[in-house]
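Naming follows writing order (A, B, C, D, E and F), and every chain is counted from residue 1.
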Amino acid sequence: MRIAVINPNTTASMTATIGDAARRVANPSTVIDAITSSMGPASIEGYYDEALAVPGLLVEIARAEKQGAAAAIIACFDDTGLDAARALASIPVIGICEAALAATSFIAQRFSVVTTMERSRLPVEHLVRRYGMAGRCTVRAADIPVLSLEDPQSNARDRLRSEIAAALKDDRAEAIVLGCAGMADLALDLRREFSVPVVDGVAAAVKQAEALVAMGLSTAKRSAYARPVDKRYDGAMEAFAPSAMGV
Amino acid sequence: MRIAVINPNTTASMTATIGDAARRVANPSTVIDAITSSMGPASIEGYYDEALAVPGLLVEIARAEKQGAAAAIIACFDDTGLDAARALASIPVIGICEAALAATSFIAQRFSVVTTMERSRLPVEHLVRRYGMAGRCTVRAADIPVLSLEDPQSNARDRLRSEIAAALKDDRAEAIVLGCAGMADLALDLRREFSVPVVDGVAAAVKQAEALVAMGLSTAKRSAYARPVDKRYDGAMEAFAPSAMGV
Amino acid sequence: MRIAVINPNTTASMTATIGDAARRVANPSTVIDAITSSMGPASIEGYYDEALAVPGLLVEIARAEKQGAAAAIIACFDDTGLDAARALASIPVIGICEAALAATSFIAQRFSVVTTMERSRLPVEHLVRRYGMAGRCTVRAADIPVLSLEDPQSNARDRLRSEIAAALKDDRAEAIVLGCAGMADLALDLRREFSVPVVDGVAAAVKQAEALVAMGLSTAKRSAYARPVDKRYDGAMEAFAPSAMGV
Amino acid sequence: MRIAVINPNTTASMTATIGDAARRVANPSTVIDAITSSMGPASIEGYYDEALAVPGLLVEIARAEKQGAAAAIIACFDDTGLDAARALASIPVIGICEAALAATSFIAQRFSVVTTMERSRLPVEHLVRRYGMAGRCTVRAADIPVLSLEDPQSNARDRLRSEIAAALKDDRAEAIVLGCAGMADLALDLRREFSVPVVDGVAAAVKQAEALVAMGLSTAKRSAYARPVDKRYDGAMEAFAPSAMGV
Amino acid sequence: MRIAVINPNTTASMTATIGDAARRVANPSTVIDAITSSMGPASIEGYYDEALAVPGLLVEIARAEKQGAAAAIIACFDDTGLDAARALASIPVIGICEAALAATSFIAQRFSVVTTMERSRLPVEHLVRRYGMAGRCTVRAADIPVLSLEDPQSNARDRLRSEIAAALKDDRAEAIVLGCAGMADLALDLRREFSVPVVDGVAAAVKQAEALVAMGLSTAKRSAYARPVDKRYDGAMEAFAPSAMGV
Amino acid sequence: MRIAVINPNTTASMTATIGDAARRVANPSTVIDAITSSMGPASIEGYYDEALAVPGLLVEIARAEKQGAAAAIIACFDDTGLDAARALASIPVIGICEAALAATSFIAQRFSVVTTMERSRLPVEHLVRRYGMAGRCTVRAADIPVLSLEDPQSNARDRLRSEIAAALKDDRAEAIVLGCAGMADLALDLRREFSVPVVDGVAAAVKQAEALVAMGLSTAKRSAYARPVDKRYDGAMEAFAPSAMGV
């Protein structure tokens, strides 16, 4: 079984972190393809970046399906382009936010997400509401740029730690969800440090993808996820006409 | 006062209908610029089309602001790219779905949206929930392609009519919201035919845009609508780097 | 187009402030009739005052419609008697709370209302919930009597300012809604002082009323807003029998 | 213990029915004062009637408290003027809708209210939501004028019966709530006829009032139910100035 | 009329406190049978104790019905086994949490429950949500073991007092609900001390039980509360086979 | 990795079906222990059976943990005793309802559960609400006894089929969730028959359990799932005192 883990941020070093986290939990028989999108923002920080990461993401989703991936994962915590990807693909597509929230819901009644930038907090709160977790999940932002997580000089990890401490003290959180794919390598250390479950969405999405494939389940195609109607696409988007995507 | 009414569908005939509807209700001193996006799908029918209409829309939003528009309207009922556009622009940006729902909320306690394709129903329902109208608004689909509304041979308008009749009979609807920019020319006739308020989102958005401008209000820039952080954009999206958008 | 802006508080100086705010944003062709109710409490502070302001308000609503107003505005932030007025009148009737919340929803995802008395906070929270804004709007009270806003000796405006500051610091508010018609003259100054959008409901309601009239829309008369059934009214209320109201 | 059961409809024959229903369930030591309001509409059918019944109701609430009633009941299913009455009075005030819903919540998970006029359905639905029962309670209207319930020639009771039958068949209702004080005499017969619990709000409110008095509980006066601030009342409402009400 | 007040905690001294509180508010003609469960945990503190208290509770529910009780009360604030008891019994069964919340809803718009252990807070919050009070009720835990309430040496009552003070200061609570049957004797003193309504669920449940009996109402048997289907029960649970319960 | 799949129904033939379904999707390295509870009802049909199945279930949960299971699954669709089991155990515990809903949420926006008895419908609806799926999931009952699923003479499977057909036609369901552990063998056939995803909770729970174990996650022990406080247990429940359970 091959699972495509697509990083819609165009930063390859971040993809390496994501791929490692994915492989750490994957079944022995699962092959993880960690893929960096080649068009869009270097990092996704808020609505504007998110919107412009979607075309690049969809290119990779289509390519992964054509190359035989059994499932695809969108490795950005705002679940970038998830609905469009599900409409396009026949294989299951999983967002790391939805996977992280679902996994955490089995081990804690209340929990907190700690994400990066303040501007990402509302979008994540919208996801939390959409996924039915609004009554039990608080969203916090450590106010750190996404790529600072990779910079050993920055204080990003310290800020993340102090936000986790605040969540455990003030939110009645029983567990912590890491709110950025770029934090995927930190889950184990933070779990040890804070003695509470710390959930990384990349790992959660890999296991969820394996689960759907094992059960033979894929996206229902009856309503809003029906295959896109073919039509003319204009200008720089011409290549995205459904029939041109080849899936 | 100039208001840019941007059609994210790349079909110019549809834009003409939209422009006419906008001008019909605009103040005498308001100039309506009806603009057709030049990149993206010919019509927006579901999540996939919607996602790929956003870059073209954002190009027009930025251009409109630079050319002095006082406000911008997104003339597609799924409020395509609204959050990204609000983050990008300094001028107010209004979606026709949100404007239509708000206007209708002042004249009816329960109402129904009639949109085009079944696959657009769930996305519109998500908007209805987001805008706080879930308890009072039903969404129906007439199961007609968007562009069939322009085709005098099609039975699109008959299906729309029969769905309106069903809403009035079965949903306890007191008013009808037309769930597609391509229906903007039909509001008056349908109002006469059914003797209930029939609300077109293009008209509603124009009046809402005029209102915000008259009150001197524009998008709050404190949180998720803060101006995008400048950064490298890769591949075909290079031109969308925030600093390259010129607003 | 004439719009009746009815102050259900019987204090004429407050009506003058309201009328000025209304005229400041009205279209050149709109005539604002600022009207003081002649029966009821000098100021509306809580449920009891609100209930007893309604008959006086309804008298003015009926009179305004008979005298040719195109729309009526209820200039008190608890949207006093809105449902009864909508049932009675054929012209559109707008409350300043609902108008302020709707306008703010187009420019901010989260915002705070600052009202006057603590006892008005729960009634305004009920309105916020009714209008579908409960997840995004916090209500605060500055703990000031309504009429103290007009008293240059009082510290009312200072308390209002400090509550706005608290909202911006603690509520994640991106914009402020002024929760009393008597604050209508303060919006511009406060906007400059705090550098965030500050929304006055009187202005918002005027623009909303103009919008509905321009679109040819008025209250749907199919359900709870159907014209009252005529019947005997007893005692001091005799003159309110529907047929006696003349609309 | 004396309990004032106030009929805000000014129709004395209806009050007689209400008084009988109240006495049927009251404790032997409870005295029921069944009181007809002397100002306002002959029957309350929708928002307009409801608003204009409030002043007359408040007069009787104040009088009852001054004359030593231990609690007051508002005998109209839209809980007419409940908030204003609670702010005014020191004794507990109970609405028959809230009492009926609470009682039914102890014996059924899902239930249906059957009220009179279609125009009362939305107001009752708002109450159902306010009282936290929205997920388990359906509201139906039998489309009958309130006073037709007293007319043996009318088909009102047949329409009520057929709406109850529909509720049991289509709403998954386990119990029925009678949605009008004028139906108070029908509960027992309908219970026998349909073999399900049928709840009358007048009876429920009497027992709830006795309960609060026995427990020594009355309205909390800390927030929106704080005693009204005294002030000038103008015009025909002069006598309603809080200090003039004598409670 | 005999009402069985069943303490599902197996601690007789606690039952004595409960019985006293019940008799204090009961009608003169009501006989209170205060019953201690003979199987299960000495005190119910959290989900595990709650689950294992249910069989013992059901034994007493069945016995009470067979011995002629007109209604049964479950005297533990997590409403232990309420749904199972309602399915089993023909007489009305009332939980003290649901009764306390309902009574308080008639006298306050916002209120706080103060319960014992932190681990009971989430279960009580689930009840608050189920009973439709989530928007108006805050749950606090004084972090005291249930049985420490009986120990004059412990600081349990001081902690309870300081949590009540915090609720009045920080939760906008207008009234307090005591969140444990073991606090039933404290309501009057705390009411005097804090000058707000303090509601004890045991008392509230007794009055509610009397009310239902007076109205001739009992559990609807149409859906999830239908009498259990008889069947084989195995092992130590053999005696709980529905036909063996004798009701 | 050993996973204990515990059937809280005491019917061994049903456990065999469950064990087969579990093994069909488990990883090669996972050992499935399918365990029949030895105390409680032969089948769980409604609240009463559910409550009395819990002690037997908890015995097996404790035993499984002591014998080295890495996770436990409760194989009954009402997620019998889930909260108590999570408080007791250190290993993750998964309910088949929660697992099925979570899995389905990744492949469909709207879906329907088809359960067995009408009396189980409300309990399942409560779970659906608790798990945050209320807006997107409809619950239906085929009105069949649980054990009739095993009886080739019964029409149980036909009724199940016709309820699925109704869900696809009337609920806008995109996928079907089988609402009983006893249906676990039917998922594949029904998927083929109806050409939509059909989800079995036993399979979903196995994959979810494997996922949590692979990620090193288990129940957070900070709040309501904290280990039970040790104390005296009385009567037939003596052996359930936390310290006697040996975990």
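By definition in this document, a contact is a pair of C-beta atoms (placed from the backbone, for glycine too) under 8 Å apart; a residue touches a chain by one contact, two chains touch by 3 or more.
Each chain and its UniProt protein: A, B, C, D, E, F = Hydantoin racemase.
If you're wondering where the values come from, they're calculated on a predicted model, not measured in any experiment.
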{"item": "Target chain D, source chain A, minimum contact steps", "value": "2"}
{"item": "Rotation, 0 to 180 degrees and nearest 5, that superposes chain B on copy chain F via CA atoms", "value": "120"}
{"item": "Remotest chain, chain E as reference, centres from CA atoms", "value": "B"}
{"item": "Inter-centroid spacing, chain E versus chain C (mean Cα positions, whole Å)", "value": "44"}
{"item": "Whole-Å gap separating chain A and chain B, where each centre is the average of the chain's CA atoms", "value": "29"}
{"item": "Centroid spacing, where centroids are CA-atom means, of chain B and chain E in whole angstrom", "value": "53"}
{"item": "Residues of chain A touching at least two other chains", "value": "109-110, 122, 134-135, 223-225"}
{"item": "Of all residues in chain F, those that touch chain B in their complex", "value": "109-110, 135"}
{"item": "Touch list for chain F against partner chain A, complex", "value": "25, 27, 92, 94, 98-99, 102-103, 105-111, 131-135, 172, 174-175, 188, 191, 196-197, 199-200, 203-204, 207-208, 210-212, 214-225"}
{"item": "Contacting residues of chain E [partner chain F, same complex]", "value": "10, 37-43, 45-52, 54-56, 58, 81, 83-84, 86-88, 117-123, 126, 130, 145, 223-226, 228-229, 231-237, 240-242"}
{"item": "Residues of chain C defined as touching chain E within the complex", "value": "122, 129, 134"}
